[in-house]
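Heads up, there are several structures right after this.
You will see chain A twice below: alongside chain B first, and alongside chain C after that.
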Partner chain A sequence: MANILHPRAGCALHGALATLEAIEGVVPIVHANAGCAIQHALANRDCGGYVGGLATPASNIVDKQVIFGGGSRLREQIKNTVKVIDGQLYVALGSCECAMVGDDLGGMAREAAEQGLPVVASNVAGFHGDVYCGHERVWRDLIDALPDVTLAAPSHAEADARPAVNLFGLFPGGNPYYKGDLEELRRIVEGIGARANVFYGPGGAAALQALPRAALNVVFSRWGEAAAARLEEKYGTPQLVFDAAPLGLEEVALFAQALVEKLDLDAAAAERFVEREEALAEYFLLGAADRYFDEAVGKSAALVGDSETVLRIGGFLARAFGVDIRAAVLTDRAADAEEMPLPALPWPTRATADAGEIDAILRESGVELIFASSLEAPVARDLGAVFLPVSHPVLDRAITIDTYVGARGALRLTRDFLTAARQIARVGEARLLAAIRV
Partner chain B sequence: MTAIDRRDALTREKRSSALSHYHGTLSTLVADAAGEEIPQRVRAFTQAAYDDILATLRALSGIRGAAIVVHGAVGCAAAANTLAEPGRARWYSVNLSERDSILGSEEPLRQTILRAIAEGATVVFVVGTPVVAINNDDVHSVLLELANETATPVLHVNTDGFRSKTPLSGFDAAFHALLQLVEAPAAREDSLNIATVSENVHNLAAVAAALDALGVAWNPLPRLSTLANLRKAGRARTTVTLDADESEYLALGLEKNFAVPWLRVPAPVGLLATRRFLLAIGAAFGVEDKAEAYATASERSLAATLAAQPLDGKRVFLQVDTALVEGFTALVRELGGEVAGLALTGVDLNNRAHLARLDALDDIPAMVAVGQPFEVANILARTPIDFYVGPEQVAFAARFGATPVSLRDVAYLGYAGIEAFAARVAAPMPDFRERIRPLYSEGWLKKTGNWYVKREVR
Partner chain C sequence: MSDNVNRISFHARPAGGGKPVAAGGAASAPPGTHIAIYGKGGIGKSTTTSNISAALAEAGYKVIQIGCDPKSDSTNTLRGNHYLPTILDSVRGGNKVHLADISATGFKGILCIESGGPVPGVGCAGRGINAAVTLLRELRLFEEFKPDYVLYDVLGDVVCGGFAVPIRDGITDRAYVVTSSDFMAIYAANNLFKAINKYAPTGGAKLGGVIGNGLSAVYSNAIIDDFADRTGTCVAGYVPRSLVVSQSELYGKTVIEANPKSEHADIYRALARHIADNDDLVIPQPLGTNDLRDWARDWGDRVFNLDNLETGAPAARVAA
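And now, the complex of A and B:
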């Protein structure tokens, strides 16, 4: 793998950690040297998990365990984590050291499980890959292990006749707005008559329990495909795969239609939901068209982020506002570009996570708008481009229920775009005024 | 053999018998640390902690023009999002794959160093990680070869994440490399080396204001420095540290190898220590009168703040570096409060004297740990505490009724630090008790706090 200037998210272990921390009731146990879990906390502050940061249980192995093996230290750590931190499921995560030394992570987890403790293991050495790789691996291991594990304080499913839908592909570490995005998807899924089984957030462990009972797995990015395939293989659950989550009314309507067909839902009810969404959007956008034609026509933009984010946001900007996308940088595909072709995007596209290469691409693009991560804010400032943080990492903005998905995400992005266009207009006016000599 | 003549820095455990795990009272800790060697302990349950790699990365991040080459998997440089400072050292990850971990990583390392140099690095630091340490990759051969190809200094920082139980060893490893860059002094300059690593900018501004008032020219190391600053560090008249726990190796190295005396004066936290700090620098630079006048005027301007006694009758838990604990204890007292519990980063043969001077606090709970909020939570659950003062991620303390005070973005050094700290503890903070999720089991919170701390079996 090529070297990287300023890594933006971390390694496979960090991807697994980000994933698990976001699931309420799940407690990760990092089996690594001290520092591995903190690296994640310092890299991915926008993930905002339940058991994370300094509170993450971690074996902090030292030279003795590297030389003689860290199995017994892990055994001790698992046993004591269960006593100190309340949780419904504990996941022991391996690391580079654990893999190189050959510690029997799975054996230790099995040993604990045999004693009735809800413990599973996932080998996610940092050198296996980036956060996306870690996310894929930990889901694979969860899906494989869960049938044999009884969660502590198991949640009892409420009686609900609606078909359940597992949502895969949007996750912390990959998408800084995952909380708001998943809530919006839940709202849409429920609006058209199904029930969303969302793992990240409140009731996460219960959602894990309900995983095999879902009627459908919906995948919104390449990084959810492996989990959905595994579930289809194990439980026969069908899947519906999108390249990106829906953004904008057209896509919400297509998404609704696909779900109706796949789950045999009430088409009329789904249509009524979409109509209500349209009416609401029209209301919020009153006057926006004038604003668009006054100030926002013919804008150019570059996007930097994982493929799902770039495709979703770039697609909406191009469709809804005719934005000229001059550069699309995919930060999640550099590692697997050789194995898997890049998604066919209608814009100049590059796959890299290297801050130096991205800087050069943006400088060459000469765009007015940069939709990217906080790491691109300085180059945007240098270029005088308006910067909007849409991809990981977002370092200078506190994120709560913000979303760039669905109907509400489209309204938000519209607001951001029109505000940015106004900003560009003001800067341009000021420059022209300064040049006029009276 | 002097410190920098060795190939690598010794760990704190080997150099000064550093203790990283302890839970008891202050008096038992002082007694334990009193011998020629400090008995080692371990924890049977631990939470995430900083390691020597992160300490090294923190120490090197503030150097303008430097390149940090993290010789490991991509995650070993993930902290760049927080620790990399805009316009200062650039972070490169060698981005080792599983294949590299098997076949060796010398060529990817070489390519990364060459890239950093091509992109304008004035000095390159190669930071070691567990993968290359376990694999025993031959870093030195790569560096030797490159020495013939480039004039840019390329230095190895021998960290591995597991050799030491304390991150403080990472500061030593970084300073061991930095000391190689210092030039033998042809003549002395009338400047002061300020060793600074983790101090936030508010603290640096507070120190800068005081030194400006004294008219003393200062050379910050390594934070805010350049290769030129590092080169000339050997010419300074003296060195002071703002946190001796972090920077002692640098100050010692400059003293032993370049005859720059280390002005061993406590960090300027609280009235008394700040006055001592300034008067000591004043004496070293022949500006005692200026220092005395500045200290007196500053103390006078703080009269209203001190009279307000914002910590009046309040019990405070401190989680700070051991080198700062005396100053913070005094500061808490100056503001009307009392220290009712301590969590210290590490105790060793060099800093244990700080503890012995806190004799009035004998029976308060005291722990030695990097992080480990579960043990702090245990103390807070069993001991009435009004304020919890810690370096970061402090919100959990609110769950136990203590008002959290984060030192991350507040000054505590110098006179400005007294003002800022007093303002922070006096600031209205709503009761967050119900807004913090319970994390720890009732069983743990009822256990004795030292339950998981054991004597190390050798």
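And now, the complex of A and C:
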């Protein structure tokens, strides 16, 4: 019931849309009823990159196309989109309606490709599953189609001797900080002597085209595993699979070491990079220690978000600040927990996306800090807990290059955590003062 | 999990990393020659397909036959009429579908699979066939079994987009159509030609040929020859109507198995050989609705004359 009232995310089509919007130079073309694309735009106010959001090309089919087939409508839409939107790659996304009536999406894309247009198709009918399912599917179709498609105006990668690394598993529709997170990962990968091939970032389309030539696929969550497996199958690219992106210097060091070994990089240089990062972090954290001991010892927290976010942020809070994590809610694993076991976490863990259940879990937990999405902000307020937006959707905060990954992400999370602790302490002080005055 | 994958956990103790969902979809062409058999309802698709499968298996090939028909009776004669749960039965059950639950090994090792479908009158059978075929790819059936030939026995008329799935999306690369010399059977064949004609230019299947079946009249072969000629296709074989076929079916067997020495068994063997060797695929030129009608009327006249010749009985000529 509660899930019906407050769905966290959309369907497979929306997952594919969120993915493609994040790749600069890629233009989604939605072949669906009027309404499918707008739902996604309305639910994700910060969505839309190069193209997308409220400006998403769509065929807006009606009864006529359902009865007689919508192939020619899509053909027309592809033709017109290519004319008015400058893209390097166009992806026709199929919907429930077009799957039900059997529109030949692939055929339409091939037809366009034969005319020299960079068009691929992906069947992401909403009924196939949730946003994560759509994310996996569209990646699979991109990987399968790309070798045969030449992007319009490909930017030629400069000669670069450093081995390239594809980064998978941070899903733009699930992690609101993906842009900043990926920038930080790029900084680290480059710091230790490799090159990051970042799709969700500037020059994303060119990164797509370079995908098969990478020396390594790094996976940060379950949602990147299928893509990496497909790439290994097709190109033999080895994989490095983490359960989350690294956060904090310890994890950055582990990450660096794994990359050095897998890619045979200069270990000493990588070590020097990590040491510099450590020194820098220390410099910034020096003054924070007193504050921590005064106000932030023994805090309790609950986390709600996709499993990668919960693992990453929860792990850091517990390790760095001894935060007592009393509830971890994995919102991306409710549908497939049977298919793939949940990670065994040292905290009370539940996999659900149901707003009512999440509400109950949070009320039960009695925590001081709630790291979650804006959907949980009201219950946090209700409980008098401090709310920190870390997972999708984040509506209370505009996001630019903010990150909770790597070395810089650790500094930022430290700042947020200590600020929250300060808030809690203030409330405590005020209560105390009020009590004394009486 | 391959040696090429290193797993590193920052957190806790990951419970023995399960496998990510196998990626399906239209990757590189799966192993084997994939052949779709179409034709009007009741014309003999399943009978013919099963006998071709049996003949191919007898010749030592690895064969899969997939019934793409909610009736799920395609492979009956290959496995003695035993019950076989369909793919969609298993999907409906809601559990994870395993290949072993939805396949049976029939005559000479032929792997038999039935897509099944919704209850008649509800749901969407076209979507069902589509989902079933996709599921087989996701289960990596073809990579595991490594067949030489995969035959898809697709139900009757191509009534909607869903039923055209086997001839587009790169699932099969060739289709055969079974027809008798009856007008409605030819009409259905012509409709299939329209679908092939539509999808072949964008990577859909092409036509391998026409299979004449249940032929009994003296002029039957000539009608089929002429239709093939007009549509720019060729005839892969002619199977006369015969009691051997009916009798074998009653025993729950193909002719190849039940009456291996019969003349019909050899007819099916020859047909199978032709299909195995034929790489001459064409995009048929279907007749327009009026052309088809004119063509039929023309044959009506000829058959009338022929009948008169044979029986000598004066028959009332149908008004032109």
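Points to keep in mind about this one:
The rule we apply is simple: the second predicted complex is superposed on the first by the 429 of 438 C-alpha atoms of A that agree within 3 Å, B and C clash if a C-alpha of one lies under 4 Å from a C-alpha of the other, contacts with A are read in each partner's own complex, and residues count from 1 in each chain.
Methods note: a contact is a pair of C-beta atoms (placed from the backbone, for glycine too) under 8 Å apart; a residue touches a chain by one contact, two chains touch by 3 or more.
Treat the numbers as computed from the prediction; the structure is a model and nothing was measured.
When both complexes are superposed on chain A, chain B and chain C fit side by side without a clash.
By the touch criterion defined above, A:Ala244 reaches chain C but does not reach chain B.
In the superposed pair of complexes, A:Leu342 makes contact with chain C only, with no contact to chain B.
When the two structures are aligned on the shared chain, A:Gly287 is found in touch with neither chain B nor chain C. Once chain A of one complex is fitted onto chain A of the other, the partner contacts of A:Val101 extend to both chain B and chain C.
In the superposed model, A:Arg8 lies in contact with chain B only, and not with chain C. When both complexes are overlaid on chain A, the residue A:Ile38 reaches chain B alone and has no touch with chain C.
Overlay on chain A (Cα): least separation between chain B and chain C is 5 Å.
Taken together, the two complexes place residues 100-101 of chain A in contact with chain B and also with chain C. Taken in their complex, chain A has these residues touching chain B: 1-14, 30, 32-45, 50-51, 53-63, 65-66, 76-77, 80-81, 83-86, 96-97, 100-101, 125-130, 356, 374-375, 378, 393, 395. Only residues 2, 4-28, 96, 124, 126-127, 130, 160-165, 168-170, 199, 201-204 of chain C touch chain A when the two sit together in their complex. Those residues of chain A that touch chain C in the shared complex are 69, 99-104, 106-108, 110-111, 114, 136-137, 140-141, 144, 222, 225-227, 229-230, 232-234, 236-244, 246-247, 251, 254, 258, 262, 311-312, 314-315, 336, 338-346. Of all the residues in chain B, the ones that touch chain A in their complex are 44-54, 72-84, 86, 90-98, 100-101, 108, 111-112, 115, 119, 129-131, 134-135, 160-165, 167, 370-374, 392-393, 396, 437-441, 443-444, 452.
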